[in-house]
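After this come two complexes, each holding chain A, first together with chain B and then together with chain C.
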Partner chain A sequence: MTTASATGGDQRLRSVSPLRLFLSRPEFGAIVGAIIVFLIFAVLSVARGDVGKGFLSIQGAASYLEIAAQVGILGAAVSLLMIAGEFDLSVGSMIGASGLLLGLLIVQYGVPPTIAIVLTFAFALAVGAFNGWLRIKTGLPSFIVTLGMLLILRGAGIGFTRAITSNTIVSGVNANTANDPIVKLFTASVTIGGGEFKVVLLWWIVAVVVATWVLTRTRFGNWIFAVGGGEQAARYVGVPVHRVKVILFMTTAASAALLACIQVLSFGSADVLRGTNKEFEAIITAVVGGTLLTGGYGSALGSAFGAFILGTTQLGINFVGINSDWYQVVLGAVLLLAVLANTYLLRRASGSR
Partner chain B sequence: MKLRNTIGALGAVLIVASACNSTASPAASGGGGGADRSGILIEVVTHGQASDPFWSIFKNGVDAAGKDMGVKVEYSAPDTFDMPKMAALIDAAVAKKPAGLVVSIPDATALGPSIQKAVAAGIPVISANSGSDAYASLGVLTHVGQDETIAGKKAGELMKAAGVTNALCINQEVGNAGLDARCKGFTDGLGGTVKVVQVDLKDPTGAQQSISAAVQGTTGVNGILALGPTGATPTIAAIKQLNLNASIKLATFDLSKDVLNSIKAGDMLFAIDQQQFLQGYLPVVFLTYDKLYGLVPGGGQPVLTGPGIVDKTNVDTVLANTGTTR
Partner chain C sequence: MSNQLPPIPHDTAPITMPPETAERIARYGKQGARPISDAVPVLEARDVSKYFGRVIALEHVSLSVRPGEVNCLLGDNGAGKSTLIKILSGVHRPDSGTMLMDGEPVDFQSPRNALDRGVATVYQDLAVLPLMSISRNFFIGSEPTTGWGPFRRFDVAAAGRTATDQMLEIGIQVRDPSQLVGTLSGGERQTLAIARAEYFGARVLILDEPTSALGVKEAAIVLRHVIRARSKGLGVIFITHNVQHALPVGDRFTILSHGRSAGEFVRGEVDQDELLRLMGGGDELTHLARELDELMAADAGAIEAAAIPDEVTPTSPDAPVTQVEASESSQD
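Here is the complex of A and B:
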């Protein structure tokens, strides 16, 4: 936090300027990164004469914000879990599995949408609780436990769907849900200036605000930091370590189920490959947002800027016409640079050498 | 100082990457006619992952048409088989206000709204490769591709004629309705037993072992149909390893060097070629002439590029053009 020079007085009471406080926030690097990435694509768009269309249009913004929102919902939950020192690699598969469950319940078994949504969340929460329980009971790293769950969920999704429908896509979901008011919560959209902004953006904002509030304003938030900073120490001071972890695993699973509901209900179909690689995108989002892989430090707000960087880069590459053969090279380079800039700024701003 | 270097490097990467753009407008405009075509932008959005050799031929077709027509083409595809992301890519392509849009439609329910948005915005759309069952209802001008059920049925009939009764269908892209239709058509055409085996197209070794295990675990298999080269290559390897070339007939959808060499060597019976170079090429041509002269293929019927059959009789011609147009 500060240099160790003894200048007298109590360091804890030392006044810190608001600017310095902002600069030392974990999300500061991500905010700077987001601005830089946006400016680069904006400049490249102007250079190709795309003003008022493509990247620099309202419709363009709606499309990259949608990509950002989808991964951002996961990122908010995953960053909380990572601050507590754990990973969840099963979120990507969970999107596929819970989406298929929702689709099958509605299309194949004629379950009313609201009940199908409730059952889908119940399924996800149960799997999340099982992940947490297994992690604690066995003491195995969550990386391994959830890697197993990644495969189980992906495989079960393919197995059950093919066994039930002899197909790998469940479509026609929207035929049964179009006028359901609860479904509107997941599918609504508003058109502003020619761009269609989907309700997923609102869910993203809600997820980030709630996660940030929990993390910075509640006792549970302090527990999360304590568990990630030092599990044994946290236990000694009375933090219910197991309960915190199980709840966080349930949260990441629920965030995947939420995204699955949004995708399936608004795109009208579920397929067995939905959510592939989303677990890595969620981790990238959290890390670019300033959350440490080792736990104990991070920010849910930062994950929002991490998601923004991911979304703008993914679509920005297409907007400015970079040959798609080079897509992953550019994406990887931008992410590495964002993390490097983040780390550098953080070290500088927090005054440590 | 260090920060400035970081930013500079970031900019440099992007500038280098955009300089690598192979779709920059060509110097000479071909195809005759005096109109300046360099301002015409055709957007192409497919579900084809860049690592799949099949899609690199499709993209060659797109690039060649761009060059021949003297128009600008920009190609994009999601990095995994991810329909919501592909829908966003279509939205992004529409936001660039192109003169025309080419899309593949592996999942009409998921992509339909985005395609309809493009149509509503007055952008002519042509579907290519996947989407023969959906293009008409979405307001798409025409579809350029292969009817997967018809092609699958053809494969089944050819296999049946070769004496196959009990077959495996190797699916390397689970979730793609077009591939499901091939397996279904194959089952109908064969009139025998067909078991579907799923393999991971990113992991050839794992795929080979899965196929090998499926052959050994299913009694009486005498034919295998792969749904693409990424499934065919490990299938050929698995059958060679098990030394079952004599008793199991192999065939595949789509071509690769491996597939063609196997046909030439007699290890593989035939390949169904959907001639995807044309699927990339023709839509760009159609959309360019639509923009310039309002010329559109009529009747709303699909333009079929397959099934073409490659077997021992014509394999040499095909081999000579492998990697560019076949």
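Here is the complex of A and C:
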């Protein structure tokens, strides 16, 4: 039986140029989008004569990169979870809740900052694991499970904080954390050319690099794709589907706790409303970055470009003098365009018409 | 309702055949009658039953496959084929009966457990993940790694090389192993899954309806690889409800009907009509064909009466009865 002659004529694959390969990457749309959005604001800034100030200054870059970094940390974790076919709507209120916990531990109970940080992460990981467990045990869509957790965390945050401090804001955190070297990991900044670059940028880079490495270069990454692409198929070949999902829910919760630590320790206060709508921004970041809403396909690197688009849009609107009321309109339009573009690109990449 | 056909114990003698059947057997025999091996079955389900609540999914069913043999598991929808292969592949555990490998009793705890023992199952719709690359698909669950400790990583280069080599071996030239499996045709996807199973040392290959969603040409590619796996000494369990796909490759035919065994035959003992009848659909199809012919005749009469030119060619009343298969048309 000569198989070569049998299928040699039925050659379905064409040779691919590097450009075509790049076009078929999930993050391609986000990279092009980031360049376009940046150019639009750059041109508008130049038109206003804002060269070297505002959007086109180093301070400007530091500002929009900080916003991008904050949502980007969440986006990196959320994109992994979404590739595995799940949602986590509780990350936003997890930022508020774990921030309050950190603030209360430090201010109200005098817990040393390092221990308070560890406890905050432990709390977030436990809630994340519970999210995953509940999702698996009940079989309910994670959209519903984590929507419930969103409300529970937000409500419990308000309830506990008001009961303990008769307020929904815990302030004075920095009085107890000054000069703590561990705290510096979350609050440090470096001034370059007049712009203050916060350490959150470094965390963002670390989050994206680690997430990308895990996704594309580890067995676990292959399992993430497999779980999202076909849960049953993955289970049949021995992928520990439940473990993968629980770990990813814990990762998104931990990313929220990281952001909470950075915010609370930098601002010196915790507010229950902090992180509101961040769950949607994280999903937008992932989707704009080329991650498929239905799972099985996507990129953590793409989420970095999605976050960049979000950050530049949010601040760029201010810098070029558009009323910031229009931010959400622009964001919505960017989201729709990105999804359309990514759907088209994916269809090309997977060869289906 | 659940028991229209009396269960036929699989050890009874085959049904006596009309002369035209003998004629067909002579023909099918020429296509490659192979001595039926009397080796110890590499995988055997002996007298297994499975109930889901009050539903009898399978009752007292036996099936075995020897190295270098293709056992075709035939049955209509709802006959229990899926339940049986889920038992064979470790998804379900039988409520009664024994599973044996090489004559030794085994208990598959999970599909992975069965896979580790060399029982690989290729499911029709779960064979591959279209949004993952060829090399990633090839190694799901068995990824090669390199490096040490926390830096142990998926060896992408080795995976790509191996996948490319293995695909070439089965006649599919892959220039870019990072290409998504979605770019492959349906037959090629099934073939990839078969190649993957062979590469990871499968001794038994369970193929769940691998040709059902495929066009004729694509199905032929898959059937060729079934024969190839057999000649490599694998035991193949080929599940189908398409008798035309089963007859050319099968050494042995196990027929299920309504959760019970409706007979086991070796190549040459049965023909297409007999298999169809045993699957529980044959009589109904014969009836259906007759009814359709009558309708057709009535229709033709009506058309003639309406004095419409004879562009409508009535289908020959003795057209071969083929199995009704909605999924036969190519869907990809």
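Everything that follows uses one rule, which is that the second predicted complex is superposed on the first by the 321 of 353 C-alpha atoms of A that agree within 3 Å, B and C clash if a C-alpha of one lies under 4 Å from a C-alpha of the other, contacts with A are read in each partner's own complex, and residues count from 1 in each chain.
Definition applied: contacts are C-beta pairs under 8 Å (C-beta built on N, C-alpha and C of every residue); 3 or more make two chains touch, one makes a residue touch a chain.
The structure presented is a predicted model; accordingly, all values stated were derived computationally and were not measured.
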Which of chain B and chain C A:221 touches, first, second, both or neither: second
Which superposed partner A:29 touches (first chain B, second chain C, both, neither): neither
Contacts of A:233 with chain B and chain C, given as first, second, both or neither: second
Winner by number of chain A residues touched, once chain B and chain C are compared: B
Partner chain(s) touched by A:297 [first = chain B, second = chain C, both, neither]: second
Which of chain B and chain C A:328 touches, first, second, both or neither: first
Chain A-facing residues of chain B, complex: 2-3, 6-7, 9-11, 13-14, 17-18, 20-23, 50, 74-77, 79-85, 87-89, 91-97, 107-110, 112-113, 117, 174-177, 180, 196, 198
Contact footprint of chain B on chain A as seen in their complex: 36, 40, 44, 50, 53-55, 57, 59-60, 62-64, 66-67, 70, 158, 162, 167-169, 171-174, 196, 263, 267-269, 271-277, 314-315, 317-331, 333-334, 337, 340-341, 344-345
Complex contact set, residues of chain A against chain C: 1, 3-4, 6-8, 11-16, 21, 24, 213, 216-219, 221-223, 225-226, 229-230, 232-239, 292, 296-297, 346, 349-352
Residues of chain C defined as touching chain A within the complex: 89, 91, 110-112, 115-116, 121, 123, 126-132, 136, 139-143, 145, 152-154, 156, 169-176, 178-180, 182-185, 188, 221, 224, 227-228, 231
